[in-house]
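Common to both upcoming complexes is subunit A, partnered first by subunit B, then by subunit C.
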Partner chain A sequence: MKGSEAVKSKSIPEYWAIKPGFEEEIKKIINERPEPEISLDYEIAENDYVKTGKASSDVKFFLKKLGVNPEVLRRVAVASYEAEINVTAHSKGGKVTANIYSDYIIMMFEDYGPGIADIEQAMQPGFSTANELAREMGFGAGLGLPNIKKNCDGMYLSSEPGGSTTLIFFIYYEEKSYAAK
Partner chain B sequence: MGVKIKDLIAAIDGKVLTQSVETESIVIEDGYVSDLLSDVMGNARDNQAWITIMKHMNSVAVASLAGIPCIVFAKGVQPEKEVIQKGEEEKVLLVTSELSSFEICGKLYCLLNDLKK
Partner chain C sequence: MKLRKIAELLQAEIFCTEEQLEREVPCAFGSDLISDILMCTKEPTVLLTGLTNPQVIRLSDMIDLIAVIFVRGKKPSPELIEMAEERDLPMISTAFTLYKSSGLLYNEGLRSCKI
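And now, the complex of A and B:
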């Protein structure tokens, strides 16, 4: 699976959040690394609040054509946009790969640092180190990562101070019993 | 059951900024008020009008990605023409009103309540 080497060794702090019922499926994907049907790549530039979001809107358009239902489209688009904005707002820039499969999507965001000092803290609703520009643009509530967690079936975040940050999420097109609201 | 967007626009004396976006099909059942984009992404839904003073390009992106059909800019906030153009492209209805967010909510709340009578 392209980009999946991003799931690094245990020495880098990492965070997993998997919705109940998806553990086996996601474990299987990580072990078997299946080839996606389509893979899309985008660069994300630092502080570029105009172009950032292209990956999210392309992916939404693509999945819509595949017939994915509107609620799942919304979840993918929101998680993807939050992750894109985090790269533009908090890092020196990076890239995103969207791997589209017939029944799920995996999106991988990797940036060029400076990393996250404390992942658990970053996951807390309300925690934000957003700068002036990000706040002026309407970001900085500290709700992006919690939103990603809420909207995805699986989420992986790894980072260390001075290193790059990697965020990967998994969303299935078929919703399971839990409420995504 | 909801309020036709035309009726809301009339009630708040709103001005439609995106002329090409079709208004007939937009029916509002609820509203959401926030100027924090991640809060909007986490909570707003496709049957709501989003009331805000946040007029940057990102607002249109958020509405489009989260499936919000209409942004109402309060306090006479006027977005740049690039933002309006993006609204046209993404088919997000942009409306501006001189009223405050509080007053716009009040009007929408009354319209929705009248339907229940």
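And now, the complex of A and C:
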């Protein structure tokens, strides 16, 4: 019994990256879990390189209609697209939910496994486990997760070998003034 | 620099309208790796690439490409041309390599896209 308890209490490896100036607000969101104004759901299929990117295009188009500025639109689209590609290329498929608020967006990706062996290694630019099929199509540069991190105001990743991987990112529509902090 | 000038410098085959050739191009980026290309979020750019699969069009949805220049003699499939037309995305194709094409355009003053 002790053994199973030890397994249960073993925490899943996590990775957090929050840009300076966003810590308080992201902490507040996590604690208060506000209701989004709109929530969009999409399925992402394993190895479907024709459809991958559809969810990201849709979300970008939706935010564009809300009047979000073009550079922020591109940041959301790129982070989301890289995450979609990751689910397509490295998992047994998964789903994404885009929670849209009046001044920020939260996107949550969850796949059906098989998990990331070493998160720190996966975050290293240039590290890739992409297969030949993915590489032939121009994927597998090993910049997916670093690109997501670069474009987000906050990013959370949790995964363990054999389990599912969860990626959540936060992007605000307005730039924060770091100097004021 | 106008897309028309770029097409002339690269002796390119045109897969777009005359009107699209009048489009102004402020900067360029060149790569065959999708994640590399996705670094271009700061400003719309023209892309020089050897990638001709439909993901090139997806890329353009994400980062607002001004035009795509296929290098090393790569040409878009009818499927790709149709997708590009739907999005008003001009495409041209040159026999020159990525290196030579970039050099020619850079020499004429076309700057690198901010990343």
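Simple rule for what comes next: the second predicted complex is superposed on the first by the 166 of 181 C-alpha atoms of A that agree within 3 Å, B and C clash if a C-alpha of one lies under 4 Å from a C-alpha of the other, contacts with A are read in each partner's own complex, and residues count from 1 in each chain.
Heads up, the rule we're going with is that a contact is a pair of C-beta atoms (placed from the backbone, for glycine too) under 8 Å apart; a residue touches a chain by one contact, two chains touch by 3 or more.
Note that this is a predicted model, so its numbers are computed, not measured.
After superposition on subunit A, the partners subunit B and subunit C are seen to clash. Shared-chain residue A:74: touches subunit B and subunit C both.
Judged by the touch definition given at the top, the superposed model places A:144 against both subunit B and subunit C. By the touch criterion defined above, A:90 lies against neither subunit B nor subunit C after alignment on the C-alpha atoms of chain A. When the two structures are aligned on the shared chain, A:50 is found in touch with subunit B and with subunit C.
Shared contact residues of subunit A, touching subunit B in one structure and subunit C in the other: 49-50, 53, 56-57, 60, 70, 74, 77-78, 81-82, 85, 137-144, 147, 150.
For subunit C in complex with subunit A, the touching residues are 32-36, 38-39, 41-44, 51, 53-55, 58, 61-64.
Put simply, subunit A touches subunit B in their complex at residues 49-50, 53, 56-57, 60, 70, 73-74, 77-78, 80-82, 85, 137-144, 146-147, 150. Every residue of subunit A that touches subunit C in the complex is listed here, in rising order: 49-50, 52-53, 56-57, 60, 70-71, 74-75, 77-78, 81-82, 85, 137-144, 147, 150-151.
Of all the residues in subunit B, the ones that touch subunit A in their complex are 35-39, 41-42, 46, 54, 56-59, 61-62, 64-67.
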